[in-house]
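The block underneath contains the structure these notes are about, expressed in structure tokens.
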Amino acid sequence: MDGSCREIHEECGVFGVYSSENRDVAGTVYYGLYALQHRGQESCGIAVAFADRITYHKGMGLVPEVFTPENLAKLPEGDIAIGHVRYSTTGSSQLLNAQPVVFTGKCGKMALAHNGNLTNTARLRERLVSENAVFQTAIDSEVMAVLINRLSDGDILNGVRRACPHFAGAYALVLMTADKLIAVRDPYGIRPLCIGIRDDDVMIASESCALDAVGAKFLRDVEPGEIVVVDSGGISSHMMDDIPEGGRMCIFEYVYFARSDSVIDGCSVYRARQEAGRLLAECCGADADIVSGVPDSANVAARAYSAASGIPFAEALAKNRYVGRTFIQPEQSLRENGIGVKLNAIRANIEGKRIVLVDDSIVRGTTMRKIVKMLREAGAREVHVRVCSPAVVHPCHLGIDIRSRSQLIGAGRSEEQIAELIGADSVRYLPAEQLVRACGDCRLGFCLGCFNGEYPYPEDGGDTDKYKFE
Amino acid sequence: MDGSCREIHEECGVFGVYSSENRDVAGTVYYGLYALQHRGQESCGIAVAFADRITYHKGMGLVPEVFTPENLAKLPEGDIAIGHVRYSTTGSSQLLNAQPVVFTGKCGKMALAHNGNLTNTARLRERLVSENAVFQTAIDSEVMAVLINRLSDGDILNGVRRACPHFAGAYALVLMTADKLIAVRDPYGIRPLCIGIRDDDVMIASESCALDAVGAKFLRDVEPGEIVVVDSGGISSHMMDDIPEGGRMCIFEYVYFARSDSVIDGCSVYRARQEAGRLLAECCGADADIVSGVPDSANVAARAYSAASGIPFAEALAKNRYVGRTFIQPEQSLRENGIGVKLNAIRANIEGKRIVLVDDSIVRGTTMRKIVKMLREAGAREVHVRVCSPAVVHPCHLGIDIRSRSQLIGAGRSEEQIAELIGADSVRYLPAEQLVRACGDCRLGFCLGCFNGEYPYPEDGGDTDKYKFE
Amino acid sequence: MDGSCREIHEECGVFGVYSSENRDVAGTVYYGLYALQHRGQESCGIAVAFADRITYHKGMGLVPEVFTPENLAKLPEGDIAIGHVRYSTTGSSQLLNAQPVVFTGKCGKMALAHNGNLTNTARLRERLVSENAVFQTAIDSEVMAVLINRLSDGDILNGVRRACPHFAGAYALVLMTADKLIAVRDPYGIRPLCIGIRDDDVMIASESCALDAVGAKFLRDVEPGEIVVVDSGGISSHMMDDIPEGGRMCIFEYVYFARSDSVIDGCSVYRARQEAGRLLAECCGADADIVSGVPDSANVAARAYSAASGIPFAEALAKNRYVGRTFIQPEQSLRENGIGVKLNAIRANIEGKRIVLVDDSIVRGTTMRKIVKMLREAGAREVHVRVCSPAVVHPCHLGIDIRSRSQLIGAGRSEEQIAELIGADSVRYLPAEQLVRACGDCRLGFCLGCFNGEYPYPEDGGDTDKYKFE
Amino acid sequence: MDGSCREIHEECGVFGVYSSENRDVAGTVYYGLYALQHRGQESCGIAVAFADRITYHKGMGLVPEVFTPENLAKLPEGDIAIGHVRYSTTGSSQLLNAQPVVFTGKCGKMALAHNGNLTNTARLRERLVSENAVFQTAIDSEVMAVLINRLSDGDILNGVRRACPHFAGAYALVLMTADKLIAVRDPYGIRPLCIGIRDDDVMIASESCALDAVGAKFLRDVEPGEIVVVDSGGISSHMMDDIPEGGRMCIFEYVYFARSDSVIDGCSVYRARQEAGRLLAECCGADADIVSGVPDSANVAARAYSAASGIPFAEALAKNRYVGRTFIQPEQSLRENGIGVKLNAIRANIEGKRIVLVDDSIVRGTTMRKIVKMLREAGAREVHVRVCSPAVVHPCHLGIDIRSRSQLIGAGRSEEQIAELIGADSVRYLPAEQLVRACGDCRLGFCLGCFNGEYPYPEDGGDTDKYKFE
């Protein structure tokens, strides 16, 4: 599923451009963010550096809502620009917390945008407060920016190099000063980040689909633990010390977050999903008349399942393309009447059929329960749910909005129990080793924390001895 | 293709409800219109009848934009409500022209919403002006409403029966007075209209998907030339005189406009598209490595083509789900760099491949030219375009936004010439008789005017002797 | 008092321009309406005629709110334009009812804006409905426009001449077609209307202050019963038949509605108010230490009272210049604490003083009661209220928002009873004959209906035999 | 003059409340800010402390625009709240720079609002940046807040006491933490600040008129150099060290900024203006027929001039009460025609007259030139301008928007030269010693810097040795 139907959410996407020719850097970031909109629909922002000033605009809403032609036109021409799209939970759904963070400090003007989540923010913040810092927002990014500034001695690269060892968690950053664009990826490479080239311009993006959208050629991924600096001298690369071997890329990016036309760390998202569908058919077969996917993101896997199993593919569900963020929840009376504004069963395809319904993942299970009910009411004889990833049983503290274990339908339940809860005839999950196999083209290892509880960083932020800033 | 990528546009969708129990008739229409949003994204409106008053709200924009929770809450409870979604060309993109049309006249308060297009509006208008009428908008619907009122003698059913013979063109109407909901379909049944039941409530909708959305059961289609009256006495049916045999339903509804989960006049839209894809494979084969569809609407046909031809299906294009009406056109410099904000090629699937690209129709051809270019740049070796309908060679004057023959790439050109224009290796169209076969479940005959120029009504509105109002 | 403190409201102001040189007719109307804003703050609109089209924009709110630079710029250049500002009671506070009314009929495109109130609207409307007319709004203006069109035979002047005898009530109209600007004043001249000249341009305005605002020279008032036509042939004048002698101009225009810098029918509003204050001192003296006026409109009279009585003038009340329409009413707790956001007593001027407080009129008395209380709390020893007009004892049905007799504090009460109700030591009203004397420069007679119940038209619209349209 | 006609601008107003009973502290601040709206119309904000959180809303626009009922309702109940209204020059007209400044630091949550201007901000900022601070805005208030936090050792009163000696300039502050409301006035008392009591609630306001507006009783002014702390223990007072004798209150507050119903440091603003008018008549007489004031603020003085000189008072100018911030400047063609949308001459009062026109001050002189022209066009025979304050000849760096000496019409010109420039028959200014005499009730001495160049703080911020933070 995707869009407004999503049960879990990525928290951000970032984009940056350093241009020597095209002065419309804000426009470039605008189209880059548009292509990354699936990574965050709550707020967005663009900051532009020109001369010694940084001008920015941030707002609540989708990219085209915040950046109307009027607002976009107010941003000046410049050499460098960065942008950000954000999703967050309601508690902090405020303009105040939108990014990029922009301020003046030892390195002059500076702006920073962040995708990921630190586990030791509270402790860093407390420490910085005790050393006279003040904070105007509730977000990681401000803490990161303040610490980078504090350790910079006026040299931004210095600041980044010294600050990164203090950050425990997932981060893919773009930051800029008046004359430099910098990209940083955490030592495990948990969140994706890549580099593109268009003529003499350099782009940084969370996903390669954003490079395609602005006509840039994919150059390479930013490596785990790498700091990439783009300035008038070109692109230079700096590695952090003590980078762990192999990386631990978040496998959920392939399962669900990333756009299918992106290629991340050498692995096509489309191919990974296709392969997951194929392996799912091998290991979790079902006796059925048709195979169908929950639109849109599970369709690739469903078709691969169909091809591998020989069961014909047919769409069981139509999706209303116009349901967006502002959807008003129907009141009880309508809901009981079986309302399906977002999804609708295609009766012609399912009446009297036994259906294999493929989805990419199941988190809380509430949407899946409604879908199964809808299929049965439209005449499905059997519904067998097949999931392209293992059961989600652990909350994530590295940037995915999976909050509490108690909400996870997969936690502490057998497949039979889950099937009963969602009203399906059977439920089967793709085992973790098969999912890893499906993403076999990826050059990095994986974080499978939400499936097996093993995270590269502990939830409480880990060893505190680390945090001595000087 | 669909959404903002569409090259042609339906002009309207209508929805009505008569309720004896549930007082939230505005809420019901809201969800009904949401499900019909694909039929019109420019403006929308809802009118509610309670006691002797009709209250309404209309606005420019999508249903959830116009009907924010605050605006929806301002509409009162009531017994009857009708609603409308509208697309129009720029000239008349004004709030003023939004529907429903609401006024006071001989039958008291009355509201009317219209899907379709009359060919003799100008003449009717002129005639009515000469008899002292004034018009505050530029739309057909006001002319229809004024004539119905004029001929009603205070009895709305009378007015509708006497007025309909004067309407030359396509119309699917919902109208209401303080105590009646009326649905009307033109004598040829050119635009779809159907009836649903939910408990004791009666619904009228342009497509059955809207009935599903509000939890209503499909009862039946409104027949060509039928006037359905819903009031405290239940549902009654009245047929116009001299109804032509067989009907001439617009076949483009199946090809492109209607939602795939709708069933119109007995024929599933999904099935019709699937069958068109199958027949296309039979008659217009190609030597290729993969079959792909232009997302989203052509995917059904593309998969059927794949199944019939044995050539594997693979997605060649990813669609940005967030590109909406407010998209800012990139300036030239970005566009030349190959920008693809709306669609992006999935290189992993197409590099080095010979592709059959299925689309539902081609009108002006400009989008298809860009897509073919994008595929080639992503490494496609050959691109064979296959279209699920005949070449569009005639403008439509019955409610589809196909304006001028000179813009139609198919007009006066051979398939070879078209292929050259759009840069494809070959282009083949499904012949009209095959398309008709694909829609064989439909109980009505078809209007194929845009393919063969034979329309049920002439463009100039036809015989004028008809227009004597008394 | 004025602005948001006003207890009663005028219902409209109108402005029109016919230009042979300056194409920015919309801009001229904009500034004209700005100067007439005191006559209506609820909605406003401007319509522009160019070639055969009439383009308009209307909205809820003040002139600068509705006509932002963007909205104003959207109106085209043209030859003729008319505009309207409107106040109305809540029931019909809808954009729908904003003016000008614009439509197409026998005279082609036509727009009309109306200041005043008819007493026989319902009957005209009913009659027109029975002859097939439909109405989309609830306002007089639409009825007037439809009847004018109906009787015009395609000649607008014809229509106006034939329709006016059917209008029973107050009206000052501006209307336009593609090539004519027309101004009409009812046979009694109840509402003001005047003509100005700027170079070769002709202006029509409710008050002369609007002519000053656009740099036009006052030419003359439109006469009671006069129809002024402005077109390429210049200005021509047409008188209705059977015009009553002398006119009956609404005297409340001088008392309260009009701006003090306007001159109406030969009489300066400022001078009339000054003279009323002087006569008030003569007939309604008081033993006091200072004279003060309720700001702002009563200050002129208060100073004249001071000069005539020899009691020094001092401001007792300061007014918050920023309190506007969107003021949030304080909740009870704050109100009980004596909140005075709109007005504040100037303690330095009133402590220990006996005060004569002059106001222009008292309608419901609720505001005056609060003011007296505020003055006493600030230390006033005595408060003697003196009013520049007689007690309002009759509702008005000719365009002033004085609705129900039961709300009128002056109805059926002696001055002593009123004083007790509002907490004043004494209350005295200027007798009607003195008020008429104060407005002695006016060339017309007066309607004193709200003081003596004698209106030129009965409330129920009068003799119905009149209404035969042919 | 006032409102949108003002040539110079105060930069801020502040309001704070500590409540033990009434939980609607945001509502109280709302009405307080409403009464201070004349001190700043560009942006405003309210922050509320409840439990350990501070919630705020800020926006561009007037108080009722920013705090719609919806927005006001979103602010929680609480114990303490502060608010701010702001004017600024265009360069920094951004939401970003709106106040209060809110952040988390050593003292927990903290909010600060500031009226005034520091002269050494740049140096303080530079120094703080060198000690690792970052700044997200361009305003003084952030610098003050950061320094207070830095020097606080976690005790807010500590921070204020240690930081104030570093602030060179004018400041009247309200700040709050989770449990304290603090008011601070600079050692010279340049900007006003006073304390009020309502039941058990304590209020702090820039002017006493805001205390009246919320029903609070004036307790006393905050003394120059005083720090007032309000918490659960009641009100306590702390004096800064080395406070200069006598104070130097900005005399322009009496001349022009403050509302006439305020009493500042023992002197009624109304009385001071009245007395200035009287003294002006004594020292700057003129042979004339009428005395008139530029509305609204100069009317008090004009009437006093009239009383003292025996020349009758009459209004020469009417003001459009509806001209606000969003006024669209008329284009040249209209302007040349003598447009007077904001002010209009009352011809009846001035034709053939010799006029004394009183204004409170003249800064650039451009508006006065237009007014004199308007009066002459309306028939004035002579225009003698009399000003209630000396010629403004020095820019102010303490919070008044008088920027550059070159714009000051009074700088380097004789009264005769100025009269010629503005087209008047004569111009006379009230000498400084007479103005001081008029404000004789004020317990403090005065800053007369804009008249005589003697400011309590040098423009460049003064002695830098002072700035050692430890």
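Here the chain labels run A, B, C and D in written order, and each chain numbers its own residues starting at 1.
The rule we apply is simple: a contact is a pair of C-beta atoms (placed from the backbone, for glycine too) under 8 Å apart; a residue touches a chain by one contact, two chains touch by 3 or more.
Owing to the predicted nature of the structure, the values given are computational and were not obtained by experimental measurement.
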Shared interface partners, meaning chains that touch chain A and chain B: none
Chain B-chain C separation of Cα centroids, rounded to whole Å: 49
Chain A and chain C: spacing of chain centres that average the CA atoms, whole Å: 61
Euclidean distance of C-alpha centroids - chain C vs chain D, Å: 36
Chain C, residues touching no fewer than two other chains: none
Pairwise touch network: line, ring, star, complete, or other: ring
All touching chain pairs, where touch follows the definition stated at the start: A-B, A-D, B-C, C-D
Complex contacts: residues of chain A adjacent to chain D: 101-106, 129-136, 145-146, 149-150
In the complex with chain A, residue positions of chain B that touch it: 2-3, 22, 24, 27-28, 30-31, 34-35, 37-38, 41, 62-65, 67-69, 72, 198-199, 209, 212-216, 259-261, 263, 268, 270-271, 296, 300, 303, 307, 312-313, 315, 318, 320-324, 326-328, 330-331, 333-334, 336-341, 344-349
